[in-house]
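We call the chains A, B, C and D, going by the order they appear; numbering starts again at 1 in every chain.
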Amino acid sequence: MTLKPILQGLTFAVASTVLSTAAIAEDPIKVGVLHSLSGTMAISETTLKDTVLMMVEQQNEAGGLLGRPLEAVVVDPASNWPLFAEKARELLTQEEVDVIFGSWTSVSRKSVLPVLEELNGLMFYPVQYEGEESSRNVFYTGAAPNQQAIPAVDYLRNELGVERWVLAGTDYVYPRTTNKILEAYLMDLGVAEEDIMINYTPFSHSDWQSIVSDIKTFGSAGKKTAVVSTINGDANVPFYKELGNQGVSSGDIPVIAFSVGEEELSGFDTSPLVGHLAAWNYFQSVDADANYDFIDMWHAYIGDEDRVTNDPMEATYIGFKMWVQAVELAGTTDVDAVEQAMIGQTVANLTGGTAVMNKNHHLSKPVLIGEIQDDGQFEIVWQTAGVVPGDAWSDFLPGSRMLLADWAPPLKCGNYNTETGTCSGTVY
Amino acid sequence: MKQALLMLGCWLALWSTQTMAETETTPSYEDLLIELTEANLNTTQPILEQIEATEHPDVLVLFKTLLDGNLNFRKADQALISIIDINGTDQYTEFSTGTAIDPLGRRDVTKIRVNNNLRNYLTSAIGRLQLTSPNPELRKAAVLSLLDNLQPSTAAELTRLRTEEDNRSVLASIDLALAMYSAESGDSTAAKITAIDKLSESLEPSARNLLFSLERDAEDPAVQDAATEALKKIDGKVTFYGYVDQLFFGLSLGSVLLLAAIGLAITFGVMGVINMAHGEMLMLGAYTTYVVQLLMPGYINYSIWVAIPAAFIVAGLFGILIERCVIRFLHGRPLETLLATFGISLILQQLVRTVFSPLNRRVAAPDWMSGSLEINPVLSLTYNRLTILIFALIVFVALLLIMKKTALGLYVRAVSQNRDMAKAMGIKTDRVDALTFGLGSGIAGIGGVALSQLTNVGPNLGQAYIIDSFMVVVFGGVGNLLGTLVAAFTLGIANKFLEPITGTVLASILVLVFIILFIQKRPKGLFPQRGRASE
Amino acid sequence: MTLWQTFLSRRNSLGSPVLPFVTILLGLTALAAVGNLWFPPESALHVSTYTITLLGKYLSFAMLALAVDIVWGYCGILSLGHGAFFALGGYAMGMYLMRQIGSRGVYGDPVLPDFMVFLDWDVLPWYWLGMDQFWFAMLMVLLVPGLLAFVFGWLAFHSRVTGVYLSIITQALTYALMLAFFRNEMGFGGNNGLTDFKDLLGFSLQADTTRVALLISTALILAGLFTLTHWVLKTRFGKVIEAIRDGEPRVRFLGYRTDRYKVALFVYSAMIAGIAGALYVPQVGIINPGEFAPLNSIEIVVWVAVGGRGTLYGAVIGALLVNYAKTRFTALMPDGWLFMLGALFVLVTLLLPKGLAGLYGQLSTSWKRDQTDQHPPNKEATS
Amino acid sequence: MMAKNSASELMRRDQVWPFLQPAAAGINVDKNVILYIEDLNLSFDGFKALNNLNLYINDGELRCLIGANGAGKTTLMDVITGKTQCDSGTAYFGQTINLLNYSEADIAELGIGRKFQKPTVFEAQTVFDNLELALKSNKRLLPTLLARLSPSEIDRIDDVLATIGLTDMRFQQAGALSHGQKQWLEIGMLLVSEPRLLLIDEPVAGMTAEETERTAELLTSLAGKHTVVVVEHDMEFVRSIARTVTVLHQGSVLAEGSMDEIQSNPNVIQVYLGEEA
């Protein structure tokens, strides 16, 4: 690695600014990009901004859409949640974009949601999340808990014989929900309460000594123990570093993470972590031609051979492709038409299969389990036989067991209560 | 002695593959290699076991290559290829012949994958194959790996080995294994109880687990009682070591706080500049570490020694630049420095984001900083934390010496106490200001080097520590270096002792509330500057 | 004498800035309202709803800046924790709005907000009781920040914590609150905070009329608070406050219990911040613990500094200007706006120590001097 | 401020609880002594600023305190006005009021006014405002908020303005005044607050000879109705106003008497005047 990518970064930053503001001829279709470029989430979201810009560029090279060029409009919500709502409104009313690709954290999505529903916008949300939501105006191309957490636990139980569980997460809604679902799931499977340890830490937690030591103690009770980690973002690096230093090897206590991908791993030396796991719908190491093409395209676009790809990028890719197909099918960018056209769209995913958009606005995707390698990549050690349809409302939570999302006619409801037969909650 | 262990190893290996060898004709080593390329993760282990049984001379190398994840095969002809990364370039070697070949495309080779189960198997197989090694550590590890699966035959073997072993540490682990065996399946109650007594001396988790199961399941109540007794004894020790552990964690957190805050103790404490860009000085130090590593690939173990002075210089120069360009115009307006330095911190963050990208950068740890110093099975101190603790103290002492013993230190103290007087005495206050700020920033840069070993090296690194740094300096007493030291360790230890009781978040909140209340009681911190002049 | 009579008697001394300020503020707000509601979107005079919500947000921030300026500009108390009072006011309003959702939530529970259903809570925590009443929630908007400011201020000012020590512990205060509100167990929605509001006093928050009404209310309240604050600072109380800024020990030797004055002012300022928060929440649609972040509080101080502390209108102008710049920059140059913002802060501190208001002051005095130089009245007598 | 009183003190039946006593219940000067300073001790980091200091000031007296730098003059004033807590000793204002139990504001309200060594006026406010702030009035929160100047108060301020010669500058910012004028303004602030006891620290530093003379006149005229304690280095000035002079040295009283007595006191000559003589 040299200084070249850094220089390219500089020029790119300038170029993208110009690109986003310069008007392209003949009434372009506008694509809003709502990802934080500064603040705490910039670390994750900038890559997705670049991915969308790359897809837009590629689509324009292929002749645009409906005979019109695409134009990306980039704004910076700066990791500030109320700003997400404001910027979404700006994109929809001032810039009049036809679609938005954006958000990473749940709270940013929740913040944008009322604006989307009020202004009837369309957003693609590319990150794995806690579920318990299905909005008419949002397509969720990341994993729902049943596409990540549940298969991961099954893998640990069946393949590694894990009997004792540490559910460690950052204290916010995604880990809370996932852990609730997992707890219910494990209890159903007959795991005793004392064999489950739940631990929450604040955002950006950096001192993991005590917790890792607790995990070690918990794991030395004679039963095979695993950690299911929903630790978020930048707390992971110190967590993994501490694991490595305290000698928690994957052989003793494997850690399976739902928020750690290639990009997070590229921030540190993974050699002490070889064998720890992650569950995603995509890994860069997938051996498939579509994947290799995508990686080549990405490297060519970003100008840096060392940049990795990850699951939310694949989700963005799938979402973008589907949106293009849906617009072509509908013959318009009108949100209502596109929304209906989206349902049932299929796109070849990067893992060699096909992604399908379901009636609940969630995708059917395969689930992959990978082990961390010393080069910061994942080795795929297990994957589901077919695709798993994303479940908007978890079957393991008492409050949402009876809820169903179905945006196709005749139901057209995001949370249909199958017991009372009503479409409860928000109806705008 | 070594031969004996080797025999044990081979015997174990044979024992595990016995069932297969009986029924089938043994395939050749080469056939097995082909089979290996066709296997999936679930069918790999039996093949590996067969390979181990062939006792082919290449098995050890094969297993090591496989364990390191470097074993691939060419899709065209299923020939095994090892791909080894040497200083950033992949070197392709045909495994069977050992000859180097031209690099192949990503799509032409497939990696032979291993998972945790296979990795466990490979590690133990390599251990068995390596039992000839004179390394007593390996012998000890072999014995310890037997603890969870003690058979009468194993016990007999171990008893025999015991007579030949001369290493005390290995001997102790054999004794432990034997004690565990007789505690579980001894001839008499008395023998069992004697063995349990022996176990009560051990902190090994396996021994403790055995005692748990004895306490619960043993038929003889006397044995149960003995197990309870022994557990009590062990628990007492475990609790004690738990406290030692917590103390160490606290000291370690304290040392991190100290490193983060000590630069601020100069710029804020001595100069009175509310330096919101202090966190970014830490960040610059961390990024300097990263760049130094980039510039000297392959010398990770030494780069850190280059990084420390480099970080000091880089952050120090930035500090001097900031002082010369901005802060010197704001003398006597401490609160305005807050605004200006806040602006600077935004600029520096975005600068790093533009130049290095917003992604975290990978800073490798030198080998000598990874791993831990194992004092006993329940207490081990990680080397990186130990190093940082010692490092923090060295930096502190060095800074103290600079402030107390050098001319610069004297000038700094003179200027901070009475600027006009110092000026009148011919001290170049301008230069002293710049140097002081540079010193504080440079020290922060050194702190950043240490932080790069613990946490994310990214644009937000500084923000994560700025608040803590201010708390430490204010709690200790502005302008007092010793106060900063005491405050950092007090807060670190308090945090770590609260954490198990209240949880992480509440512990932080309680510490903050404590600081707020403490400042009410002593409005000038732990070590206030006293006298009429300070009013 | 009643307060009102005093107020009236002081009307003459209200001085110049109030009337122009209130006129311009209310005039512009009225224009925006008319532009939004009466002119169709095609019209050149149309003001978009986006602009309306943006203006509403700016004005809430302006009110917050006013609150900080009152304590910092007039009394020298540099609070780096005013975001806490703002957020507490916001949470009180947010709780009211949450309770208004009723059974329209995702899970359809008539009483419990969604996040509680989801955390398996059975009953509403006691501190949520009564928040479904508008008057009670509004009382809390004032009382909660006020009470916190009172307790904190009483402790801090009574023990004479001043200067940077005070600034840092206010920062600790807001930081501790942030950590606390991030905790899901606290019952304030954790990281997600409170969102998905439906209506306020029965009016849908999605309706343009409601938004305009909120903007107008914000403008009116800001104008009112501006006038009230201006009056307060003109009374002898205000003179004592300014005297405390310039020499607190001296004021004590004059027989004033300065700690009580500071506590009173701090509480007043915290309440204004609380009101600002309460107005902010329905206009942006979300309140979450991020508002407690210490950096936010520092930013407020920066607005005041940019506008010019010690002048009420300066604080307001600073808040409007910096936030407008942020909005423009984040859209125009998403990758580089922090450079601009950072540079702005540095330059303002270096070149305009008294902020923009100070610049105006300098210009106008130099202009006046030019005028007087031409007609020197009694030059001999004064020298 | 009651921290020193233990619980048993609170239970004593022979006295009213201190916090129930009206603060300014009037100063008992039956013995014609307004200020009793007894056995006062105070040390900063080992340096004894006050060392068993005993001092009595009569009601209506004009007393000058002199002493070398570090003799404890300003520290004594700090203790009397509540700025500094002493280590041991008592300071009674009249017969009944132990000043050590009160805060600065309480002490000011009791009727002790102070002028500082360095003139400290409120520079951002006008001369008039400075005087208004100092006015003897109810200084609680709400009354201050609603306060309006009564005609008699305005007259009072005007009188004082005339006395200190700043009538023309009443609406000028205090920061724009000359050093001497600031001294005067501060004296004026003392006057409008109508204290029983005035503690004046170096009133003529930085004044012209003419101004000094006027100050001397003013202070002499104040004595009688008020009690005045002046700390001054300017021996000429002290000689011109003093009836009784107290010499402080290393935190305790070295000598006391008329100027002539002091000047002939061998101890004083040795440690203080000796240097000049």
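Operating definition for what follows: contacts are C-beta pairs under 8 Å (C-beta built on N, C-alpha and C of every residue); 3 or more make two chains touch, one makes a residue touch a chain.
Computed from a prediction, not measured in an experiment: that's the story for all the values here.
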Neighbours of subunit D that also touch subunit B are C
Higher number of C-beta pairs in contact (B-C or C-D) found for B-C
Between subunit C and subunit D, the Cα-mean centres are separated in Å by 43
When centres are defined as mean Cα positions, the distance from subunit A to subunit D in whole Å is 73
Subunit A to subunit B, mean C-alpha position gap in Å, rounds to 29
Listed in rising order, subunit C residues that touch 2 or more other chains are 179, 182-183, 249, 335-336, 338
Flagged in subunit B as touching 2+ other chains are 349-350, 353-354, 505, 508
Where subunit A touches two or more other chains at once, the residues are 13, 37-38, 171, 200, 202
Subunit C contacts subunit D in the complex at 1, 3, 6, 9, 232, 235-237, 239-240, 242-243, 245-247, 249-258, 260-261, 264
Within their complex, subunit A touches subunit C through residues 13-14, 16-17, 20-21, 37-38, 74-78, 80-83, 85-87, 89-90, 93-94, 105-107, 110-111, 113-115, 118, 132-133, 171-173, 176-177, 180, 200, 202-203, 397-400, 415, 417, 424-426, 428
Touching subunit B in the complex, subunit A uses residues 1-2, 5-6, 9-10, 13, 37-40, 42-43, 46-47, 159-160, 171, 200-202, 204-207, 209-211, 213-214, 220-222, 234, 237-238, 241-242, 244-247, 250-251, 254, 263-264, 266-269, 272, 274-275, 277, 287, 289, 292, 371, 373-376, 379-382
Listed in rising order, the residues of subunit D that touch subunit C in the complex are 81, 83, 103-105, 108-109, 113-114, 116, 120-125, 129, 132-134, 139-141, 144-148, 189, 193
Listed in rising order, the residues of subunit B that touch subunit A in the complex are 41, 68-69, 85, 88, 106-107, 110-111, 113-117, 119-120, 123, 205-206, 208-209, 212-213, 245-246, 249, 252-253, 256, 294, 349-350, 353-365, 370-372, 380, 382-385, 453-460, 464, 495-496, 499-500, 503-505, 508
